[in-house]
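You will see chain A twice below: alongside chain B first, and alongside chain C after that.
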Partner chain A sequence: MTKIMIVDDNRDIAQTLKTIMEMENHKTEVAYNGEEFLGKVDAVKPDLVLLDVMMPGLKTKDILTRLKEKGLGDLKIMLVSVVRFSDEEKHILKSEFNIKDYVTKPFDVTDLVNRVRNTLR
Partner chain B sequence: MKKILVVDDEPFNVEILKGLLSKNYCVETAANGEEAFTKVKESSPDLILLDVIMPEIDGYEVCRQLKSDQKTMNIPIVMVTCLTDRNDRIKAIEAGADDFLSKPIDWIELGARVKSLLKIKQYLEDLEDSKNRYIKLYDFAPAGYFTFTRDGLIREVNLSGGVIIGLARQELMKREFRTFVVPEDLELWGRQISGALNNRDEQSCELTLKREDGSRLFVRLNSILMETKDGTPEILTAITDITQLKKTETELKRADELKTQFLSVISHEMRTPLTPMNAQLQMMLAGYFGEITEKQRNSLEMIMRNTGRLDRLIGDVLDFSKLESGVMKFNMVPASMNEIVQNAVETLKIHALNKNLKIILKEEKIPPITIDKDRITQVILNLIHNAIKFTDAGGVIEVELSCNAENVTVKVKDTGIGIGKEDIDKLFKPFQQLDSSYGRKYEGSGLGLVICNRIIINHGGKIGVESEFGQGTVFIFSIPFIHEVKEEKVESIMFEDTKSEV
Partner chain C sequence: MKEGFEIVAVNYWKSVNNEIKRILLDFWNTFLLIHDSMDFADIVGFLNKMPNPGKIMYISLTKSNDSMKPHLKDLKSKIFIIDCVSSMIFEKKASQDCQFEPTPASLNDMMELIEKYIQIIKPDLIVIDSFSQFIDYSSISMHRGKESHEFLEQLKNKYARTPYRFLLLYDNVLSKDLVNLPFTSVDVILKYELLTRRKDKMDRF
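Moving on to the complex of A and B:
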């Protein structure tokens, strides 16, 4: 069974994502900020992380950098953001942090599910 | 009527002169020196005809006294006498007389001399008057007026100039102006002076002055080169205090930035609660939580439609604030306009059909063009969406795509309610939905066309409208194949992300 880690400071969004992922028969683990995520990630060993952008505390870039330092640079990550990224940013995210896909909020559930399936494949 | 005073101790002479002059002038008379002084004081005449030989005080003395008094020195005096000696004439001139007439008086000559002296007096008065007026204007002008030598010494300054520096005018004379300029702006001052000396054009700059009391003043200098009569260059400079202006400008800029920031933060914050609402509704409608009845479905769909509308409104506000502050990101890539227009028409076909509207696409093959695909799609969708919104059932919407060597043109034509002439100008201004007078209510933020306009401008293009009330509307935009992309400020959320703790 695949394990998905959900990181979002908004509890309702985290809960919603958890419900959707469980409906898809994935095991889930939730963290509410960057520190908590970094603390748990080694033990959880997720197959995919749904990571919110613009959480209080650690910046997204810092979270991704520390993940890389932990030797988890290959971890599959999808960014879930309320803002759309420019091509330039997407390029940096792909080349530096291996991030291949994004979901913008508010998201379409079917679209999200398809993207998760594709990323896990 | 000009006043002439005739001073003569001989009543007969007085009568003759009076007779000659009273046709054109108001004539007063005095029989001796004393009386002359009194009359001058009382009626301030414009000219005096003064007999030389009189008992007690003679004419020369009367003349001398009148010419040495500030109040009467400008009254022209004509000495009248039967003495014809050269020395007498010299004596008269030395006493300050303006002219000289010999008895017996030639009345034509008298008339001519009087006339010409009165004319000169009038000129002098006018000159004095305009000099006074100039001094008042100079001193009470709202700007400081300085005249500098080529070395930057103050040669002349008006009252306001003194106020600007905080010193009395006399204390400013011959001072070096550079001593009132803050050190960091001395170079600017130097350039201002050399610029004025080397160019015939007006030079201007803005710099900070340190006043006599140590306080600082932000001023604008406008200088121009002038030459004195002897050819010495001098620099006339108007100095305006713009401290308040600068302060207001900074505050205004800051307020505008805050507004944009506020709009941006609030839009993002509003999208966050919409996210779980929207997702939960989709899950319910998809049957994630079990079967739902037809009535429940209708109710949930209504909520969905409205969260969708709310999301679009937030999107409009966000786009608007980004475009206003110039942080909108444009992803310029080569794209097919045919594909974009076809997709847009396809997307909105259902809406048109639901309203019983016909939608027609006329297109020619367009070469690839470098644009932000999403933003141009947004513009076309917006225009078609408007056409659908403002056209009643049975109408036709025509989308036309064409190009020439320079531009691609898109026309969206409807058979809708149209727009009145007076409203056309409002179309591209923010928050100006043309509502009630149209007899129906249409939803929307009133920002759609403003955003379209900005997006098209950012592509180097133009958007316009042709419409007549009740006759339908055509929106046309064209964008050039080649245009310089402006470097936009890019606000990276990835690397600058911040969020207030809520």
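Moving on to the complex of A and C:
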């Protein structure tokens, strides 16, 4: 069974993502901020992380940098966020931080599920 | 706007053209614009409809400066962007028309940001994109409701007798039923809705 970590400070959205992923037969673990995520990620060893960009506390950039420092730079990450970035910025995210895909909120559930399936392949 | 869709009409423009002109010309300090598009081009379209918006200070919590840049050429007014999202991931350098700031964590932080940049930029219109990052008017909590009310009251008390005007964007992309709108705390509330249809369906006509 694949393990997916959901990192989002919005508890409603985190719970929604958890339910969707569990309906897809994935095991899930939720963290509500970057610190909590970094504290859990070694033990959980997720196959994929759904990471919100806009959270209080640690900046996304710092979370991704600290993952690299932990030797987890190859971890598959999908950003799930309300923020619209340019295509060039998305390209930088892919090349620098191994971001596999980018889903904008509010998301379409079918689209999200398909993207997760593709990323996990 | 979703891929595969195209704008058929903007309902306020088609049906209440004269009314909207009058509303925008009226004296107001705080304007809550409820819209259903995350596309910056649609926001530019609305700003261009405003009579004499003057210099715009655009505080963005949902779009990076880079993603907005291609549409700025269509904007008729002068704009200064305060990008509160890019610094979460990228190292960016400020320019003459853009400054990068951390995301305000609360409406108190937002008020501090407004006060700081009003002094520097001296704008005529302050746009907050988007107020829905702080509050959900479809299911408001007591705490959030109080925070929102206090913020809007503060705007009113501090800026009512000044030339500054505030346009608060509220995206309601999911078309939720907004049962707790702040009718008494802002001067105008307007719903802006894009009517779209699938391009492939249109091709059949």
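Basically, the second predicted complex is superposed on the first by the 121 of 121 C-alpha atoms of A that agree within 3 Å, B and C clash if a C-alpha of one lies under 4 Å from a C-alpha of the other, contacts with A are read in each partner's own complex, and residues count from 1 in each chain.
Convention: a contact is a pair of C-beta atoms (placed from the backbone, for glycine too) under 8 Å apart; a residue touches a chain by one contact, two chains touch by 3 or more.
What you are looking at is a predicted structure, and each value in this text was computed from that prediction instead of being measured.
After superposition on chain A, the partners chain B and chain C collide with one another. Contacts of A:Gln15 after superposition on the shared chain: chain B is touched, whereas chain C is not. Applying the stated contact rule after C-alpha superposition, one finds that A:Met78 touches neither chain B nor chain C.
Shared-chain residue A:Pro56: touches chain B and chain C both.
Applying the stated contact rule after C-alpha superposition, one finds that A:Val109 touches chain B and leaves chain C untouched. In the superposed model, A:Ile4 makes contact with neither chain B nor chain C.
When the shared chain is aligned, no partner comes close enough to touch A:Val30: not chain B, not chain C. When the two complexes are overlaid on their common chain A, residue A:Leu48 makes contact with neither chain B nor chain C. Ranking chain B and chain C by residues of chain A touched puts B first.
Once the complexes are superposed on chain A, the part of chain B occupying the same space as chain C corresponds, among 312-320, 366-374, 402-410 or 474-482, to 312-320.
Overlaid on A, the two complexes show chain B and chain C touching the same residues of chain A, namely 53-54, 56, 59-61, 82-83, 85-86, 88-89, 92-93, 106.
Those residues of chain B whose C-beta lies close enough to touch chain A in the complex are 268, 271-280, 282-283, 286, 288, 307, 311, 329, 331, 333, 490, 492-495, 497-502. Those residues of chain A that touch chain C in the complex are listed here as 53-54, 56, 59-61, 64, 82-86, 88-89, 92-93, 104, 106. Only residues 10, 12-13, 15-17, 19-20, 23, 53-56, 59-61, 81-83, 85-89, 92-93, 105-110 of chain A touch chain B when the two sit together in their complex. Contact residues of chain C toward chain A in the complex are 38, 40, 61-64, 66-67, 69, 85-91, 102-103, 105, 133, 173-174.
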